[in-house]
Amino acid sequence: MEINWLKVLGILITPVIAFIVGVTYGGLTRIITARIQNRFGPPVTQNFWDIVKLYSKKTNIQHGVMQHLAPVFAITASITTLYFVPVIRESTVFTNLSFQGDLIFLLYIMVFGSLGMALGVGQSGNPNGAIGVSRGLSQMVGYEIPFVLAIVAIMIQFKTTNLNDLIAMQNNFNHWIIFQSPFAFLAAILAFLGMMGYAPFDVVVAPAEIASGPPSEFGGKYLGLMMTSRSIFTFAKLTLFTDIFLGGAGDFVTLVIKTFALYMIPVLTGIVNPRFRTEQSIRFFWAWPTVFGILAVLIVVW
Amino acid sequence: MFSISGIFITTFVSGLVAFLLHHSVPKIRDWFSIVIMGVIVYAVWELPVKANLLSFKLANYNLVFGNTEYGRLFALIVAVLGFFAILYSKDFMEGKPRLGYFYMAFFFSIGGMFGIVYSQDLISLFFFWEIMTWSSFLLVIYCCKEAQKIGLKYFVFSAIGAYSIMTAMVVLYSSIGSLQFADVFAGFGKMDFWSQLLVVVLLLMGFGVKSATMPLHVWAPGAYRITPSSFTAIFSGALSKMGIFGIGLTLFKIASATGFYPWVQEILAWIGALTALFATFYAVFATDAKTLLAYSSIGQLGYIVTGLAIGTPLSIAAALFLTVMHAIFKGMLFLATGAVYYRTGTTDMTKVSGLIRKMPYTFLTALFGIITVSGVPPLAGFSGKWMLYESLIQSNHYFLVVVIFFSSTAAFLYLYRYIFSLFLGQEEKETENVKEVPWLMRIPMLLLALATLVFGVAPGLLLHPVSAAMKYLGDFGVTYQTSVLFNEWGNKVDMLTVANTIGVVFIIVTIIITIKGYRSTRYVTTKDIHTSGEVPTENENLTYAVDFYKPFERALGSVLKASVDKIYNATGRILEQSFDYLRYVYTGNGQTYAMYVVLFLTILVVFSELIFGIKL
Amino acid sequence: MINDKYANKIVDIIQNFARKSSLWVVAYGTGCGAIEIPPTMTSRYDAERFGIRGSATPRQADVLLITGYLSTKTLKRVIRTYEQMQDPKYVIGFGSCTINGGMYWDSYNTIKALDQYLPVDVFINGCMPRPEAVISGFIKLQELIKEGKANGAQKYKENLEWYRENQRKVIKNWKMPDYNW
Amino acid sequence: MNLTPVQFVAIPLFAAFLIPIVAKISKEAVKYIPGIVFLYLAYVAFTLFPKALEKPIVEIIAGFKPPFGIVLYFGPTAAFLVSMVMVVGFVIWLYSFKFIIREPSEKYYMLFMMLITGATGIMLTGDVFNLFVFFEITAIAAYSLTAFLRDKDGAEAAFKYLLIGSFSSTFFLLAIALIYSNTHTLNMADLAVKMQNVDVTTKLFILILFISGLGIESELFPLNGWAPDAYSQAPTPVAAVFAGIVVKASLYALLRLVFLMFNWSEVFYLLLVLGVITMLVGEMSAMRQHQIKRMLAFSSIGQMGLIVIAFSIATVPSLQAGFFQMVNHVLIKSLLFFSAGYLVFHSGSKDISALDGLGKEKPITSFFFAFGALAILGLPPFSGFWGKMFILMAAGNSHLLLVVVLILISGIIEAVYYLRVISRLYFYKETTKEVRRTPVSGLVAMGILTVLIIILGLYPNTILAYLKPAANDLLHRTEYINAVLGQIHL
């Protein structure tokens, strides 16, 4: 078979772009947080330098091979997720492998990373880490329901599970799914809050009670890899939501605008909110978001 | 050799021979069993596919045996898993008492399963069903005194199941006049509504007991926990599949001819989904590894039942695919747990931890196992789950798919709990001189692990026999390529691409972070962790193993209180009590007995008009 | 391959810049000085401008901030924390107590001179040092890092025996895992 | 000498009288007499069987032609039952060979022979009063065998048995008196004809008397109070004899009379209900017994209920099933009693709780018990499976689904208490005591039964061929009447 070099190019540079955008978003978040707290805040490149610093740590410790591989799992999951999400609509370069997979596949590959992380954290032997994982998994069970309800509603409505078809169907502004089935969007975005893990759903990495939970034994390059994968993963998730609800993006400008708009929702919620206990957050997800999701499905059915 | 009778005779006779060998020359007992099992695997593989291979008349019933594609699928599961289990048993069972008994019951249950999958009439199916039941019962009570109550429960529930099948057979026989599948499938449509309903319900009930479908599952956790792990693999991997086998036949060959078929489908699908849900919840809060796995298999069987009940080609494909996969991965996990038990002597997850560096191969097996169960790509569990979801969505079972998805997400909880508590976490002082299990035990586990990988990358290999089996169940066709799965809307997922992407990225990053010279990493023990400056002492247990999911438990609240098991136990107690009172009818007092006689006479005389219609 | 000397130099420059511009502090609130950390971090003085932020565990931290006097009891924990940190790592002695015992100069169970037990890169004088002072101390540390002179960890490794000896003097019932570099 | 059915009655009787005399000479020789008798009679039975299948053999005693003389009717049913009795009798003899060590053994064998005489007589005779006589012989032999051990419990049990048994004979005799006063004949075939012009109420009263009289011996529910004590207190082989021979014989008598004279649907319905109740009560009260032999007694009551159900469905397949189940019950229950006998003997106590860990001490006997338990639960590949199967199918064919369900439920109850005993035997206690041997004769006896059970389970056709004519013979009275009286048109 002949190789489509454009594809290869896309595959090579998409992670880089994702990384840059994700890191920048991270910096911006810190600035915005600072401004809301009436501070000046760090430079926008702060996260980038943090990551570089972590990579440039001279020594690192590990408790075993699983901990060594955990960040690798994480970043693998992020990059794979990214590859199976069409970044730019109808472009050869940036719809990397999105024709080979579909939504349900994405739902599952997104878990891959957290599973690997959980294994590594487990081997690190730090009880705080295990507690964090247990909280995280419980919370995941919480927000999975509304999210799946929303996704199911959309799949039934548009009779496809492939993202590219979804994007193609929302070719113009008023066909965006956010307008077509707003309840699905509500449910999904509320679940998205949980996914991003900002307050009030940051019980997983609550630094004050369980010493930042899962990553508490990770330092140096491991932490660096984790932060990298987090930035990429953030971008991937944002793009996914953009594709599903906001009709994808034709070029990078719209992409950035849409993703940033989406990104601000969890960030701004996070800044002004305290922290839920685990059972509280699970209960929360099973209350209104689920209702919205069921509404979305019912509306589609009728 | 490659005749059905050959397979039966080999299996049962070698069961007896193993028993005798144990009492004469125990040295060659194990190898004998292993060799025989290998031969049987070959025979089952070579057995020609023909509807009527062996038929004879026994007690004025025609007994017919044949090898259909559908039966062949299950027969292969049984044979291969049996081979692995018996390979594993050689070292695992060494030095345990009553080994002859063990091997005999083992072979008998295997033979019973062969009989079930090959039988072409209900009589022989029931015959072998009962053989399977009592031989597996013998293995449940095999271990010790505490197993007896559990075994009794298992037997009683199996008896309830078997007898409901029997009743269905009676009804069928009285209205059709023959019990051969051919006649039954042909004649069932012509029966009257009520007997149709009765038969379908009874059959589903009967088979549902073996496939541990709620609310008939209560025997499963105890029985799976107490049996020796090398047989638990069969128990959960193959023996429970007999229920699935029967449910498949009932649904597509019998119930599909009736008017209430859609209702049966809906109800059964929901039963399966709820089974999956609640079983998952119980698994999350189990503290014994084997109990956890038992509940997990109940849940997985719930998926399978749902898939069968939906009845679209894709869902059936998913169900059968999951059937095979469940046999594989639950076999792996039970064998791995058995390995842990073999070395540490317990399967209590709050007692063992940090075995990864001691038993790397076992850990690898368990890892592949949980990844497969959780359905995370690229391993094979994903393909089955994917097909199941797609089929559910495309047959417009919106809320069903949510329930299924929810329970399979909750599955992550117990899977992580399983692997964390046993293999990860703090390395305990008690287990510091634990070694890896012998090779004969490793090989089956690793081969099964390899199978999950292969079928994950190329599900087509497995979908080929599955689709053949579907042809037998009805004109169901499913489109697939060696590595590509399609749903009914034409969307696809290419497992090969997925596997390649994950593999390439993973390897590259691994190389980058592990190359020599880049930022040296040093290994520190699991005691050397951040404890706010404190120095943990040697015998200080830092593992977080008890009440692992307390928050989740709080969130669920009183959902977990509901337990059908309590109801059953109460019923049993009450019945026994009443029987205990009833036996005092026999006072042991002559006068009383005499009085009974007189009473009987007088009653007959006085109520003669009632009884005989004649006034005296 | 380009000239190793220059390559390493460039790499060093980048790394040092990165290290300087992101200092993660594990603040072991040993003494009364800990009260000065919150204002330093929060809106009034906003240390995050310089990339300084707290970190939850020593594994992730770069700077160990000893805020005030150390009793012999806490010294043990501090040493443990320091040894759990990963290179490159820096120590900031905070307040007079870490220099000469300060107002506890004649106390029987406080550490008088911290740098006998841990390699201190920067001392911040005063009792209490105000947030401005703290920040200036951090800036000083950043300059040192940039020039590559903040090599306390190096010193610690080189004359470990000496440090251990001092530590053993004050810490009775010495039960510490050795510093296996 | 030519073989005639009369030998079945004559030879055991002769042997019974011979035994005390031989005992004067040598006590050892006595032991062998019953064996020889059984072997010979079995041979006779099997040679006569084919003839009986072609045409029922009717033998006239003392020259008077029926209906005036006494006839022995050796039809397929009788042939089947007699040969069953012979086989089982032989096995039981083999077992008691070493088990009845206590003197005076010759009395035991004599009574045993008497009992066999009575039983075969019941099965063969064609005359109601003869039936009564043989019935009494059997009963008296049974009473005295119950008390054979000469201990307090045995005496008590025997007394109860006697008490109830006297009721039964009274009723029986009363019925016969009524019959004779109404029809002036005692020949059963003749009665079958003549009873039609007896007025209904009398007939009904006779029937009631018959049912309550013979029901006592054949363990129908409210009348079987004697059974548990007798079974549990009598020596083990005797218990086997009760379960295998006495009960079956009296049940046969009851059925024969009913089928001949009172084949009304109500009667069968009544019998069906009685059977169901007997089965359920038997199983339920067996569930919580503390003594193993008592448990077995109740379980055999339950089995009798099952058999009665099978017969009272009164179709050819159901009768076939009933006969098959009879065979099963005889074989399996004897096996259980035998093994239980030695287990009790060695544990030294009759309680089930005393059986813990005997599986190690007495592996073979315990194995036989376990085997019997699995077999009587109707598990394949043992013969019990087919018996239950046939009965269920027959019940289904005559649309008695409720009965089917009840039978299965009783099966579950049965499973519970039998499996408990198995658990106790093998898994409750890991004893390290040395293996204690069971006498060879006993083992051989049990072995024979086991083999028979397996054969019947794997290939039930062996006896099914003979069951169909038996069923027909019992079901259709015309053949009987014609065979005895020659062509008479009803």
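Here the chain labels run A, B, C and D in written order, and each chain numbers its own residues starting at 1.
Keep this in mind: a contact is a pair of C-beta atoms (placed from the backbone, for glycine too) under 8 Å apart; a residue touches a chain by one contact, two chains touch by 3 or more.
The structure presented is a predicted model; accordingly, all values stated were derived computationally and were not measured.
Among the remaining chains, D is positioned farthest from chain A, on the basis of C-alpha centroids.
Between A-B and B-D, more contacting C-beta pairs join the chains of A-B. Remark: the per-chain Cα centre closest to the mean position of all protein Cα atoms belongs to B. The geometric centre of chain A is 37 Å away from that of chain B, both derived from CA atoms. A separation of 80 Å divides the Cα centre of chain A from that of chain D.
For the pair chain B and chain D, the distance between mean C-alpha positions equals 44 Å. Here the spacing of chain C and chain D, counted between their Cα centres, is 98 Å.
In chain C, the residues touching two or more other chains are 57, 59. Of all residues in chain D, none touches two or more other chains. Contacts with at least two other chains are made by residues 522, 527-528, 530, 532 of chain B. Contact between chains, using the touch rule, shows up for A-B, A-C, B-C, B-D. Partner chain A is touched in their complex by these residues of chain B: 354, 356-357, 367, 371, 374-377, 382, 385-386, 389-390, 393, 396, 398-399, 401-402, 405-406, 409-410, 412-413, 416, 419-420, 424-427, 487, 489, 491-494, 497-498, 501-502, 505-506, 509-510, 513-514, 518-530, 532, 542-544, 548-549, 551-552, 554-555. Residues of chain C touching chain A in their complex: 14-15, 17-19, 21-22, 24, 42-43, 46, 48-51, 54-57, 59-60, 62, 86-88. Chain B makes touch with chain C in their complex at residues 522, 527-528, 530, 532-535, 537. Contact residues on chain D toward chain B in their complex (touch as defined above): 159-160, 163-164, 167, 171, 200-201, 204-205, 207-209, 211-212, 215-216, 222-223, 225-226, 228-229, 264, 266-267, 270, 281, 284-289, 298, 374, 379-381, 385-386, 389-390, 392-393, 395-397, 399, 401, 404-405, 408, 411-413, 415-416, 419-420, 423, 427-428, 430, 459-461, 464.
Residues 58-60, 97, 123, 127-128, 130-131, 133-134, 137, 141, 144-145, 147-148, 151-152, 155-156, 159-160, 163, 166-167, 170-171, 173-174, 576, 579-580, 582-583, 585-586, 588, 590, 592-594, 596-597, 599-601, 604-605, 608, 611-616 of chain B are the ones touching chain D in the complex.
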